[in-house]
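Structure record follows, encoded as structure tokens.
Read from first to last, the chains carry the letters A, B, C and D; within each, the first residue is number 1.
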């Protein structure tokens, strides 16, 4: 009765909140609709790690227990967002949209205006024509922080939630160059009070608000600002679990599964070139050099980590509007074997990004909610397998990462 | 002083024999030349697992300690065999051949006539124009067994070797249909004495000879006859370590590294089609349906094992003479993700088979020699990572297999 | 006033019939729905050669002038057929089906029972559960011929059509081995009167009926029976234009565009391997060896024709149910250049077969209707560019074929 | 006796010079060795268009008639250049080098120091360690022009050649921005006299020298300076034939053969992305943005030309040192068909650039020598099929270009 599991079992009956920063983007929209469809038995739980062994042995909340809310900078309804995804990439079937459209008003009611403070020119441009007036309004940094965290608290209270987990799925921002204002929470608070907007990005403000409201945080994008040292200090003081960054869904996932093979066989990789194409809002943002840089660093760092030696590697990203969300990546691997003989491998990956990422968002929300409920706090290294840039580093080898997750699950399984 | 390691250290100073069944095929030729080039510092040890951590921590014999010998059914010198490989696939540089040609006569002196008994029409056809007269001579089964094992014993004595390890790298045979004559060693010996040639294949006779001479055996091909129950009984009685079968070098290696990724992400693989092309003698043999069947079963069984559910899968093999040893494989993977959305991955693998396999032959010889010296006997399951069809089964997931090897190494490392 | 063009202009105001043998298969269904959607301005004419220069300069009937009818062996409505295509391959948008569903009853009214006489075990198996009772009924060959041609005549009269063009899009049949019964029309008629069912296939009976009713014929499948010498004699006697066979839509189309490049550069193609995967009813039929053979011969013959020398070539076809109509082909080309250096090219083609073929069906119907109206008869060699196996042979080089079409268009353009 | 053909036949007995600007680069080295090997019957004429019908019907000089010379900025012998090619990309067999090494001294004797004037930082950097002292010496522009053309005249006289054809195969330069100094020959001569080095590039000076010496010119690289208006004026005044630019050897060749297929089928190409990788000196030069830009413009312009409408297209080029001359390109084509359905095609091209280009250099030299002998002058549009950026434009469709060549051949064939 007094052990963690008993407590977990009991509280499992209560609902918890999943708050999405970027609530009406393609990924969040797919996650919300998919979760509702699953909760109502309208689709199969394909792609959900938490629905398969060994994770399914944990006392996780069900998807039916989730109440969705979020921040969004565009004035767009769930119906509009879902329709756009369907029209552009056909990943959400129209039959599914119709089947759950009776919930749309309720779901839209929990979306609040986000922030675009210092988001950079590209993000401002692609959101300009649908901009929410409140998100666009002039507001001091401190007022924004207060508004965002108040939204979280109000959401928790309104629905009498056991807890609220935050997941950051906003557009990739230009890298924020850290200076002494990001070194400590005290310095950051001073900068916020002084309304020094160049010191922040939206992701930083969202993460600040999550910590302020005592919510666990999953950072699913490559934007570095969200894990500035000062923010990590704030999350640590809030004693909440947090993890990130940049969900590992496609080409990088393949790399992390495949590169170990070359090491296991003592084959010497000479060059590994990756060429990525994507369309939609995500692609338009990454077409901008500033925003692309953050992404590429995230994608490019793992090979030397896995192989154990430096090699020629390059990750190209191009914006190909006709593809919409149907990401296509080509990788070319040039390697040397016995007697110095050179050989090649190449692969093409054609995957819908939101389809691959949405179940991970739900998995991570369930896992960090469980971790929080189990008393965990700070960086959740056991979840590294979900990220291109795992917090605090560690091995990028997918199989080592899975082992770490399995070990943790074994310790926590009911 | 009395522990295994001390004994291993001491005997490490002595040389051991590596006897290749199929001594002048492309793979054996590449292995022999490569080993000599490595021993003389003329090339880098790329592709050799035993030269990298953690295996390098074992008290393995060096490649310079190896004395090569073997059985071969064709009358072909090492110079001719090396020249053919160079001319057809350019994998062995001509400079390398020249650099070690002074050893060729000595190396050729230890190659003895093999056997073609009941090898099947295809193998007989492709060896017909170079057939060794002794290998071709009419001889009773018992006489062949005696001759083959006598060759092994004579080799060991002639060079005063600490031991002889056998590696089977002959052409893929048609599957042997086992009956009661293969059920026990006693029954098999009766069939041999009765000269029932339909009961044997060359690989069976070679494995019999290895056991008879007390040699550890690495079975690197898919031919099933070598591990008939009666043969395993003989190997077990000889108390030697043995392992196999069918070296995992190319497309199947990639599959075993990549398929776990789909399981780790709960993505549902609908279809996995593989299409393999190869030329040279190996390709000509596999172009024959009987011989191909053995190979395909070996390549095709692992996906359901790794993924945990049945799926549509097919492995095609075609003979493309112009490719010679430069194997090219294309794999197409059709999989389903969240909301039932279907996506694809494809890869092309272009690798020289002998280049990929030769270091594994050397690795396996060193590891099984070490296992023998350490008192191991019977099937060596820790070496499953090297095989498409690991003896006695087990997981096909490359990473699980590597973990098993690492665990064994950790137990035996100096 | 008396020239051909004037006559064509006048008659252009009248409607003509497009009779589809195989009227509720995926291809015919896509063609019918697409034509109606185009006629009503609901979609763009992408993929229609007759809507672009130079063919658009001909006095062709518009798609709005077409009245659709056909023979079908399964009892399936247009709504069911369209729904199946949408569900399996998503190529026909559900919005499009809804937009024209008011026409479905009328369109279904002109579909009559076809024939399965000697269609082979595979086609019988895959149609068994939806078989139309009349198509399945026991009937003499002569009665079938009379029934089929009577359907065509009745259709023409019922709609007061200017003419009826037939297009054969039934499943690929096993090759029919021609004997003296197929050498002359007289012999064939004797065999039909004697009810010798092994002498016919459905495609032969359909072509016979088309000729009997005086209708031009487009033979869009590889089934050889439709162009037996006796049938060609009957078509010639009917003085109708006819053309075929086997629509060139995907991998073979690419080959016919690409192979000339190697000839133009004097590069020597050593091997050209093609590996095709498809699902759906078409794939299931081709999975049967008998039916596959017809297809492969059709696909495989063109390379030597284009390159001018024999080469190693192979076309593999595998049934991959999960792909449905989304055909995927991989081609690997191994070629030799200056100094004997060997290089490679490979391509992957991912196309929906019915989407690629349907506009060709409409193009061919319009072009042969125009040819008929212009007084042409016999084999229409200028349409070779549309076929894998052009009637009477000729160059397979796509560009030479296009030039022949353009020359013909220039002669006939208004 | 007095017709052109008779004259051609007679003079065909005399030898002609082939002067290579960039004489010891990989391409020129491959062309020279290959031509000598062909002349001595040591290799087959694979890749030589002039050795196949219909070009072989022209009264062309044989390759044995060619005397080689050239300008080069690096101090490197033919043996060293050939050895480098063999070592890095294995395209020139060592047996071939040995077979003709007796000619090397003689061939080296006709190579003279070139020029690096205003070649740009990248070319200067990669040639720095082997720089020829004369090529590197400070010299006025006028002196350089005089020196280069004097070399050509001296070569012609020394060998008593019937004529000298120049082929430009130097590294790709940064684009030269044309101003009024390039508008007329008079203005350019003034700039040269005033030693305005920013007005020139090496390619401009080489082309100037060719015109000065009355030599036909083949411009095989993308460097725009060689065809500045003032240079074309000088070539026209010299009444020599000339042609260019940028040899069409790999990915672009495939595009020009394949893109017409989409037009022929009225398929709408939405996006065509190309990603090119290459190593060696050529790749290092193109890794520099300035130099790359010239190349990309050359590669990227043809699709809209062939398809007839604007589309999303991108050509990426990356430097991958391990590939050396083994260029690898991946192209991804996203296209729309009937009912707006989207499909994809992709191809991978793996070709050795010098192997593909060298026979074209020899073909072009023979063809322009023949044109010159036949009295042709000015731009040779019939040779457009050999170039990525045909002089004065015209269709990029490979098949239309071939037709133009065949028409010209038919007019000039013996």
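One rule holds for everything that comes next: a contact is a pair of C-beta atoms (placed from the backbone, for glycine too) under 8 Å apart; a residue touches a chain by one contact, two chains touch by 3 or more.
It should be emphasised that the depicted structure is a prediction, and the values quoted were computed from it without experimental measurement.
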| item | value |
| --- | --- |
| Chains touching both subunit C and subunit D | A, B |
| Which of A-C and A-D has more C-beta pairs touching across its chains | A-D |
| Subunit A-subunit C separation of Cα centroids, rounded to whole Å | 49 |
| Chain centre separation in whole Å, for subunit B relative to subunit A (CA means) | 46 |
| Distance between chain centroids, defined by C-alpha means - subunit A, subunit D (Å) | 50 |
| Multi-partner residues of subunit A (at least 2 other chains) | 344, 346, 348, 350 |
| Residues of subunit A touching subunit C in the complex | 90, 94, 348 |
| List of subunit C residues in touch with subunit D within their complex | 30, 34, 37, 43-49, 51-52, 91-93, 96, 253-254, 257-258, 260-261, 264-268, 336-341, 343-352, 355-356, 358-359, 385, 398-399, 402 |
| Subunit B contact footprint on subunit C (complex, rising order) | 270-271, 273, 275, 277, 312, 314, 316, 318, 320-323, 328, 330, 332, 334, 342, 344, 346, 348, 350 |
